[in-house]
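Input: a single structure, listed below in structure tokens.
Here the chain labels run A, B, C and D in written order, and each chain numbers its own residues starting at 1.
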Amino acid sequence: MTSSRRYTINKLLIEFIGTFFLVIIIGMVVKYGLGETGPLVIGLGLASIVYAGYNISGAHYNPMVTLGLVIMKRISTPLALLYVLTQFFAAGIGSLFCNYLEQNSVPFALATNSKILVAEIVGTFILIFVIWTVAASKRTAGNNYYGLAIGICVSALAVIFGKSSGAVFNPAVGFSFVCLEFINWSNYLFVLLGILIGGIPATYLFLRLEED
Amino acid sequence: MTSSRRYTINKLLIEFIGTFFLVIIIGMVVKYGLGETGPLVIGLGLASIVYAGYNISGAHYNPMVTLGLVIMKRISTPLALLYVLTQFFAAGIGSLFCNYLEQNSVPFALATNSKILVAEIVGTFILIFVIWTVAASKRTAGNNYYGLAIGICVSALAVIFGKSSGAVFNPAVGFSFVCLEFINWSNYLFVLLGILIGGIPATYLFLRLEED
Amino acid sequence: MTSSRRYTINKLLIEFIGTFFLVIIIGMVVKYGLGETGPLVIGLGLASIVYAGYNISGAHYNPMVTLGLVIMKRISTPLALLYVLTQFFAAGIGSLFCNYLEQNSVPFALATNSKILVAEIVGTFILIFVIWTVAASKRTAGNNYYGLAIGICVSALAVIFGKSSGAVFNPAVGFSFVCLEFINWSNYLFVLLGILIGGIPATYLFLRLEED
Amino acid sequence: MTSSRRYTINKLLIEFIGTFFLVIIIGMVVKYGLGETGPLVIGLGLASIVYAGYNISGAHYNPMVTLGLVIMKRISTPLALLYVLTQFFAAGIGSLFCNYLEQNSVPFALATNSKILVAEIVGTFILIFVIWTVAASKRTAGNNYYGLAIGICVSALAVIFGKSSGAVFNPAVGFSFVCLEFINWSNYLFVLLGILIGGIPATYLFLRLEED
């Protein structure tokens, strides 16, 4: 096996583990109905696995992050496709695993589709902006807070937008919400659209900021 | 566009995003009545956006912070005015956004005006003192904990003073509380007075400490 | 004013602010009955003020910490006495301030005196050991986690020992508990004894570890 | 006493203190029924004691961590045996101490043995993987987040797997669960098996990643 292929497999392994962990944290928090501390647990769990994988795969765990890095030309398109496939695969397996641990599942009571769309646009814009500024910027290179900053941003966003759109901000997590029957395919479409409309401008804003 | 003007616009964009995020975290935590974990979510969300914006705009998100930096001659008065306008503008937009996500709003049951004043004086003194010592001091330059330290200070202050004055400590956040009908204009006046009486001496204490 | 006297006053100001903040966090968390998140808020608030004051006064905020540094010959005895007086003074003022914000006060339902003693011995031993290893050791000099590590140690100890001894571990905090009528003078005696019996051996253990 | 023997005793003292602290946090959180914040308190308490002991003993506090370091040839087998004995001894003493503080004990309502096994395999795999990547990797050497990352990983895992297997992931903690009558010896056997089946592959995965 060439070492390049070996590198790729290692990265995909990390993306699988990280996305799987993220999906099962969220899935079980929802299934167990942890209303008060759930958002904190989700954010802190995400922080830990971001720290674990950042130096190997970049710790994307989110197709919107991978897409943003394609836009920024920091990852090749073929590798990005493998990342995204792995993230969705991990989300599917993670959903099955959640249902294995706990059968019961109650669908979210979401807001209207237009509110879902707006919530996902604004939330994803903020999340992607925070991710780039703390984990992809030349200004903050080598810092030790990136994982925590991303995680606790997700915690706050989950509180703000949880009751409107389910606070997804991540197409793979959204896919797991469909698998777990928290949301339906129609909700997912609006979620996905919102993620793209929020995440892409955040990426261009970051590129503008980095030029200085 | 001159690069100086471009820098300014970037800074104002960051102040807008950061203040908007701060205002909607607090607004939704209050609207959803998160009594136990609300203060933690507010503090941690603030920490994340402080880390995100610190290296671009300084991550003020609070007119009292901007005023303090004017006193310390670390920001020009014209730029400071633009910062403060942006912060209030973001607070207004953030309030509208909170009301879009969730209509209901219950006014705070605040203490007497004299208690509001005292609570805001003491709380703002502590907050501004912590902000300067961790994020503006030569003694702690280059540290990685500034965002977290500021955020969790706000969490603790929110618990201590929430039931007395609403734990504002930030004129822009206070303005959003008026917009969201959590407090009225008369409350806001006492809040504003308390912030100034607490924040300005904290700044002079810091200047004294930095002289050594 | 000589600069040495000026340094001393600055340090005492920091010890006053830090101990006052610590005392009012704990006091209000108890008064508001924050059973689940209280320990986290206390620990995180302490962390923030430790970060704020560490580079000026050493951020003791606890007479047992000051005593330990006397044992380690890292602070002169006269300055240590001023520190301790300031800490008790801040605890008294902080208690008055808590009663100003909220009159009601319910005494703790503590365990037997022997359990109070044991809980304070074991808890103080662990706390002082953690403080020295993260904030006073040559092995960890220059780290960025000391404040957080101390704070979250207190959070965990507050959960473990809160119902047995009130989880004091700090003679100044214990004094504020008497002022706030959470505990009585007889309880305080056992608390104080436990703190000394736990804190002094932790200091000698640390000295042994540092010799290597 | 030779200095080598002295080093060894110091390391065992740290392993004793750290494992004892971890066991009494978990034990008291369970005994006091802290459903919402318990997992956060456990993780943050662990983080603090990991920071305290890491530079002396390596802060294992978990026989599976010690075994992994034997596999990686980073600790001698005789010293590893002393570590493991100390960890179990501390778990036993810690359990007695928990029962001293609070007599009552309610057994966990665990899932089936096969679910216990699966939960411990997956949870231990993730935990051990996170521990190696943040605290044992050449890629992340010298970082300041290792303790927090490990602690909050445990918090998330405790939420995900607590109701299935008790979220043990640590043979010494599992032993304390038996002593505290949270689980029985038959449960413990499946827990232990799961830890080994999860922890050993995580170690080999890490070795593969480090080769690059």
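The rule we apply is simple: contacts are C-beta pairs under 8 Å (C-beta built on N, C-alpha and C of every residue); 3 or more make two chains touch, one makes a residue touch a chain.
Since this is a predicted model, take the numbers as computed values, not measurements.
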Same-residue or different-residue interface between chain B and chain C, half as cut-off: different
Chain of greatest Cα-centre distance to chain B: D
Computed distance of Cα centres, chain D from chain B, in Å: 40
Chain centre separation in whole Å, for chain B relative to chain A (CA means): 28
Sites on chain C at which at least two other chains make contact: 36-37, 40, 144-145, 148
Chain B residues within the chain A interface of the complex: 3, 6-7, 10, 13-14, 17, 21, 24-25, 28-29, 32, 34, 36-37, 40-42, 44-45, 47-49, 51-53, 55-56, 97, 100-102, 144-145, 147-148, 151
Touching residues (chain side chain C, partner chain D) in the complex: 36-37, 39-40, 43, 111, 115, 118-119, 122, 126, 129-130, 133-134, 137, 139-140, 143-146, 148-150, 152-153, 155-157, 159-161, 163-164, 205, 208-209, 212
